[in-house]
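Order of writing sets the labels: A, B, C, D, E and F. Residues in every chain begin at 1.
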Amino acid sequence: MDNLLRLWDSTGLAHFQPGQVVMILIGLGLLFLAIRKQFEPLLLVPIGFGGVLANIPGAGLAYSAAENALHSGDPVVLAEMARVLGQAVASDAESLLHALGMAALPAQHAAASAAEAAGFGNGMLYTFYTVSIASGVAPLVIFMGVGAMTDFGPLLANPRTLFLGAAAQFGIFVTVLGAVGLSSLGIMDFSLADAAAIGIIGGADGPTAIYVASLLAPDLLGAIAVAAYSYMALVPLIQPPIMRALTTQAEREIVMTQLREVSQREKIVFPLMLLILVALLLPAAAPLLGMFCFGNLMKECGVVKRLSDAAQNALINITTIFLGLSVGSKLVADKFLDIETLGIMLLGVLAFAIGTASGVLIAKLMNRFGSHPLNPLIGSAGVSAVPMAARVSNRLGLEANPSNYLLMHAMGPNVAGVIGSAVAAGVMISLVGG
Amino acid sequence: MDNLLRLWDSTGLAHFQPGQVVMILIGLGLLFLAIRKQFEPLLLVPIGFGGVLANIPGAGLAYSAAENALHSGDPVVLAEMARVLGQAVASDAESLLHALGMAALPAQHAAASAAEAAGFGNGMLYTFYTVSIASGVAPLVIFMGVGAMTDFGPLLANPRTLFLGAAAQFGIFVTVLGAVGLSSLGIMDFSLADAAAIGIIGGADGPTAIYVASLLAPDLLGAIAVAAYSYMALVPLIQPPIMRALTTQAEREIVMTQLREVSQREKIVFPLMLLILVALLLPAAAPLLGMFCFGNLMKECGVVKRLSDAAQNALINITTIFLGLSVGSKLVADKFLDIETLGIMLLGVLAFAIGTASGVLIAKLMNRFGSHPLNPLIGSAGVSAVPMAARVSNRLGLEANPSNYLLMHAMGPNVAGVIGSAVAAGVMISLVGG
Amino acid sequence: MDNLLRLWDSTGLAHFQPGQVVMILIGLGLLFLAIRKQFEPLLLVPIGFGGVLANIPGAGLAYSAAENALHSGDPVVLAEMARVLGQAVASDAESLLHALGMAALPAQHAAASAAEAAGFGNGMLYTFYTVSIASGVAPLVIFMGVGAMTDFGPLLANPRTLFLGAAAQFGIFVTVLGAVGLSSLGIMDFSLADAAAIGIIGGADGPTAIYVASLLAPDLLGAIAVAAYSYMALVPLIQPPIMRALTTQAEREIVMTQLREVSQREKIVFPLMLLILVALLLPAAAPLLGMFCFGNLMKECGVVKRLSDAAQNALINITTIFLGLSVGSKLVADKFLDIETLGIMLLGVLAFAIGTASGVLIAKLMNRFGSHPLNPLIGSAGVSAVPMAARVSNRLGLEANPSNYLLMHAMGPNVAGVIGSAVAAGVMISLVGG
Amino acid sequence: MREDELFMQGVELMLFGVSTVVIFLSLLVLAIGLASRVIQRFFPEAVPAQPARQGRSPVAPRTSGPTVDAQRSAVIAAAVHQHRKRHRNG
Amino acid sequence: MREDELFMQGVELMLFGVSTVVIFLSLLVLAIGLASRVIQRFFPEAVPAQPARQGRSPVAPRTSGPTVDAQRSAVIAAAVHQHRKRHRNG
Amino acid sequence: MREDELFMQGVELMLFGVSTVVIFLSLLVLAIGLASRVIQRFFPEAVPAQPARQGRSPVAPRTSGPTVDAQRSAVIAAAVHQHRKRHRNG
């Protein structure tokens, strides 16, 4: 009988909470979008699946050993944890969880030890999160892989397009303002660090967003990552109306002069030059841009093909699996089902829209002053979302003029946007973090 | 002269103990079986080699820093370790090793620090074990890879075969009973947790056995893993006599109707359905079956080929290397050369035999009631041991009737057996562990 | 204004020190040699890049959390760190850094916790170093991969060439003597452990050098690794003059008898035999040679192709990336720009030269006594530097006699040299370490 | 005393374990059946995902060379046999 | 009070952020220009590294199948179109 | 005082080190010889594992492209040379 109770107690049914049901449905929804609608499937399949796993009641996959001990509800364990955390012995689980979140590092370590001694362990997803994201390693490794897959040729052939990559980051900072504005008005409760992390969604670059969120606002990481990847997948829907509204038919028909060939030496020198500039001006961006430049140098230098291949294949794929599952671990009901998440989703789409508009408008401005014609449609590619945004520019260019192939021209601002948002991330980290 | 003594003392010859010689021979024996007889070589090559490494005298590859400090025999170090562990200063190494094994977590951490300060480090295999098995990660990653290599088509085409996968797990539980029986009779000394871990050998699934043993009976992990993989390799010898004894020629000649085609959508939905069922009923099985379903979903969804390839190749291969060496680290003489190991080997083969018999018998029973003919030979495939057991069914079917190809029919119960033993593992963990 | 100061303070320009500029130039120089001159690019590209990253001022990528806290210069943080380290509250950063380096383990852990609590984290390269090198794992994994790529056929066909591999390690020990000699004369300040680690440069084997340095002289690791890989790349320049000076034209023209075929069984037995010999005589070499033998067994046994492929490709490539960056983390100015580094570079080339000479001379000696002719040019290949040194032998052989192909004959001493330096490493570790 | 208790715990574990496994897999059988019917009726696929490959192992081979070859040759042998049989009958 | 302060911090962050991004990328534009000129004048390559492949995505596809195919077919369509146009004009 | 001691330790390390390396590798030579004879006499292989490939590097190239090509062309050159020599002699 005792065992029967224990067995029932060990089922999920006995513990399901409405929030978990909702979150599992959201996880399944993300899987549907990823598989059926091909929304950034490489990330959203693991994130969605991780989200489902994280919300299995009683399994505690997304919790630390101490959190699992507190969730167990065992009074002896609770009393011991209360003692370790310096709380009243009769405290309930919820107040102890709160105390654990607030505790200083030594108390947290003591709580972890006590929980382990009582037979509780870190959940699988919690372990993955600690190793891959909390350590900062996974987003950096992905960034290295992206660097090893990026060709800066179009950018080097037409360096002016870097300004478009700069312009499109404007959305990031307006969004920061929006987030603190919502807080000022008392509608939401974002700190400056939260606002900075939310703004980076507008960078339209997944690993950058996850890296910044893991440093500045780990609690919001789940929502931020989901927003970033969802909107990147939605770029073909979000951008075209804005681009059409801000350009005339004549502007969209502009044919750009063909890009010059770029020598291998220029391509080798570029990542090193970028690295030096980072070293001089923005050390806080050194991890992100350093790994990016390293990946790119491995690709372009041509003498370490083995390493470049590893960075582009085995390593980035393995890391993506664990990064995705780890992000999913932040989709637990008590952290995700919150008015803040709604705010993040709204601010995120705002960031994309403003970034797109700024890119297009600055392109129009540059077109007035430059000597070479510049089709404003490639300005929207400055948000990054590589290579989706560049394809959108190409598609709209072809619509306006069936012989106007903008893809290569749009790749310049597109990869410039990656650098731009990494620079913006560096500013955030150095001004807000630490 | 002093140095000469030190040099002699640093050789293995000065420290060899009979048990280590025996264990090195056992390791070489496993390598022989793996290489010459092709006994599950992917695991038994690293396990056997790890077993040899673990027993190199004086190298301490399988020991923690604290254990290495105690094995050093240095009286100053021993005195310090005794102080840290709260033992009499004059304690000898053996009693201190015992005290270390019994110590609470903080004392263990203190002992580790003291050992490190005295210049001792964790052995290589100990490090591998900590990272890959104690963390629980390696068996789960392997399970994900296995999921990404499994086609549930035959099971979905004939779901009734799931019952055969259930039936064949009977061996697991009878073995548990056998193990506690041996303890009750005072012949061996297995706890309930030990018995549960031993029973899982009958699940005929390596990663499941290692995962359960790492949670419930880490000391027995070496023997359990060796038994599990050895008997999986011996399936073609163990199963046929039992299968022949329990079936008539007429039964063995039964031809089954061809399987229907299964649509991709059914294959995509299956892992999600299985995951939901786990979430509802058996959260303790969520890590194992969750990763399995994740691997399978990556394979079937068709939009994350990069990740699926990584899970099936680079990731599973790398993990297998470290998993195998880590298991080998549990083949140290003082833990393996024990009457308990003999008991585990005997109980293990019993588990396989009973599982095989139950599968065949339930298949005969189902054949009486179902509408479609069912060849009882496929019942034995329910033990898992994928794909060996299914091949055995196929071979015996061809013996009885040279045109009776059972392979695809046997794959249904075969993969059902994987799910079945993971479910059984979940029951064990939730009832016995924690 | 406050923010503007903070922004300026956050740039690299505000913090650049001359040493860092020099080290960044050295890093770029290594990249130039690696990319343009193909100096061991697989290692020197990541090492050089890591060296640049490590010296970005203000980024602190190569420092631990505690070091970063001390470098921050924040007086509140400094006071807290001083308290934790048991120093006077008014201590300056430099003296605290020194105290941190000297502190016992518990004080170091406490300092790390205090730094983390103050918002400082481990630098990216520091994390990589901890996980890959301080744990000892990365060099061992590389050694396993090298084992999986090595064919001992030529060595087994002509085992006498092992003596050449032994002879060429003489350079290692003469260099140790040179290093302690420099210390005795008061010119440099090397401990015996430092000298041992420096000597291993003469082993001409990168992972061995890094492994030994990480155990015996972590502070010198950067210089030692750079010296080892640079001189390996310079083998085609360093060796030929020595080889020509020590041999006559007649000796260089000696044609060797063709090697017999070696059966697969001999190749399978060899790594096991080597392992047993290590177990009997030199357990301190067990990690290095054990992993090497394991890799070789996986390759030769033929039944674990999946694992052997993983060891030769994905695993070794991924590990090389992180190993290289981690070595780069030891190229920080305050550790590298030192008279000691100059000593290491000089002693390193001395070690190579003596090793080459010893190999050639012993080959001449053996030629007098053996029955089969032995071309002394293959003696130099005994330093290892696989396969560069063997190619040098081949080239000089062809120079002397255009039909004298020594490549296969030189591969024997070449791989023997790998074993020889691993054995030498074991001697060092067991006599000097611990 | 203690030994008997241990044995009783083992019996309990067996009973609960066996029933859980059977119940779980039975529910899975029901769920599969339901899902198959729903998908085949409401969400049919235009073209079947993959042609059924009779005799192909549904699990990628986890062991190396020989076993795979054995399997393949078994499949070939089977095909030859069926071919002959058909001709004999016809 | 506190809310206004937060908002002002946000404004400050925006101003500093935007200017840093613009300054950084402007310097990069200058650096690229300089480097290109130096390399083209003093260190020219004998043969160009790779022929410029018009229409090829400079980023290896991070998403699977379909998008890549879409891209490829766009490129083919482009080529066909240019071919026709040339013939029409000539 | 201390410096002399350090130097003496270095000398000791050299002597022990050199002798260990030599003894170890000598034992390995003996062991290889023994094993080869045992295997060739008592456990001969029916067919040799692999034909000896003259001139092929026994270590898979750890460096990229060029060196491998250099090696390969050296092998080809060697083969051509031997071919010519044989014809010249004959």
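Rule of thumb we're sticking to: a residue touches a chain if its C-beta (ideal position, glycine included) is under 8 Å from a C-beta of that chain, and two chains touch if they have at least 3 such contacts.
Please read these numbers as outputs of a predicted model, since none were measured by experiment.
Engineer: Since chain A and chain B are copies that touch, just let me know if over half of their interface numbering is common to both, same, or not, different.
Structural biologist: different
Engineer: In terms of C-beta pairs in contact, which of C-F and A-C ranks higher?
Structural biologist: The comparison resolves to C-F.
Engineer: If you average the CA atoms of chain D and of chain F, how far apart do the two points sit, in angstrom?
Structural biologist: Those two chain centres are 51 Å apart.
Engineer: On a C-alpha centroid basis, what's the spacing between chain B and chain C, in Å?
Structural biologist: From the centre of chain B to the centre of chain C is 38 Å.
Engineer: Using mean CA coordinates as chain centres, what's the chain B-chain D distance in Å?
Structural biologist: 21
Engineer: Which residue numbers or ranges of chain F touch two or more of the other chains?
Structural biologist: Where chain F meets two or more other chains at a single residue, that happens at 16, 20, 64.
Engineer: Considering chain C alone, which of its residues make contact with at least two other chains?
Structural biologist: 3, 7, 38, 41-42, 281-282, 302-304, 306, 314, 431
Engineer: For the complex, which residues does chain C have touching chain F?
Structural biologist: Interface residues on the chain C side: 38, 40-42, 146, 149-156, 159-160, 162-163, 165-166, 169-170, 172-174, 176-177, 179-181, 183-186, 191-192, 195-196, 258-259, 261-267, 269-270, 273-274, 277, 281-282, 312, 386-387, 390-391, 394, 402-403, 405, 407-408, 411, 414-416, 419-420, 423-424, 426-428, 431-432.
Engineer: Contact residues on chain D for chain B in the complex?
Structural biologist: Touch list, chain D to chain B: 3-4, 6-7, 9-11, 13-14, 16-18, 20-29, 31-33, 35-36, 39-40, 43-45, 48-52, 54-64, 66-67, 70-71, 74, 78, 81-82, 85.
Engineer: Where on chain C does chain A make contact in their complex?
Structural biologist: Per the touch definition, chain C meets chain A at residues 3, 6-7, 10-13, 15-16, 24, 28, 31, 34-35, 38, 41-42, 45-46, 49, 52-53, 55-59, 61, 113, 116-117, 119-121, 124, 127, 313-314, 317-318, 320-321, 325.
Engineer: Name, in rising order, each residue of chain A that touches chain C in their complex.
Structural biologist: The touching residues are 104-106, 109, 135-137, 140, 144, 268, 272, 275-276, 278-284, 286-287, 290-291, 293-294, 297-298, 301-304, 306-307, 309-311, 314-315, 430-431, 433-434.
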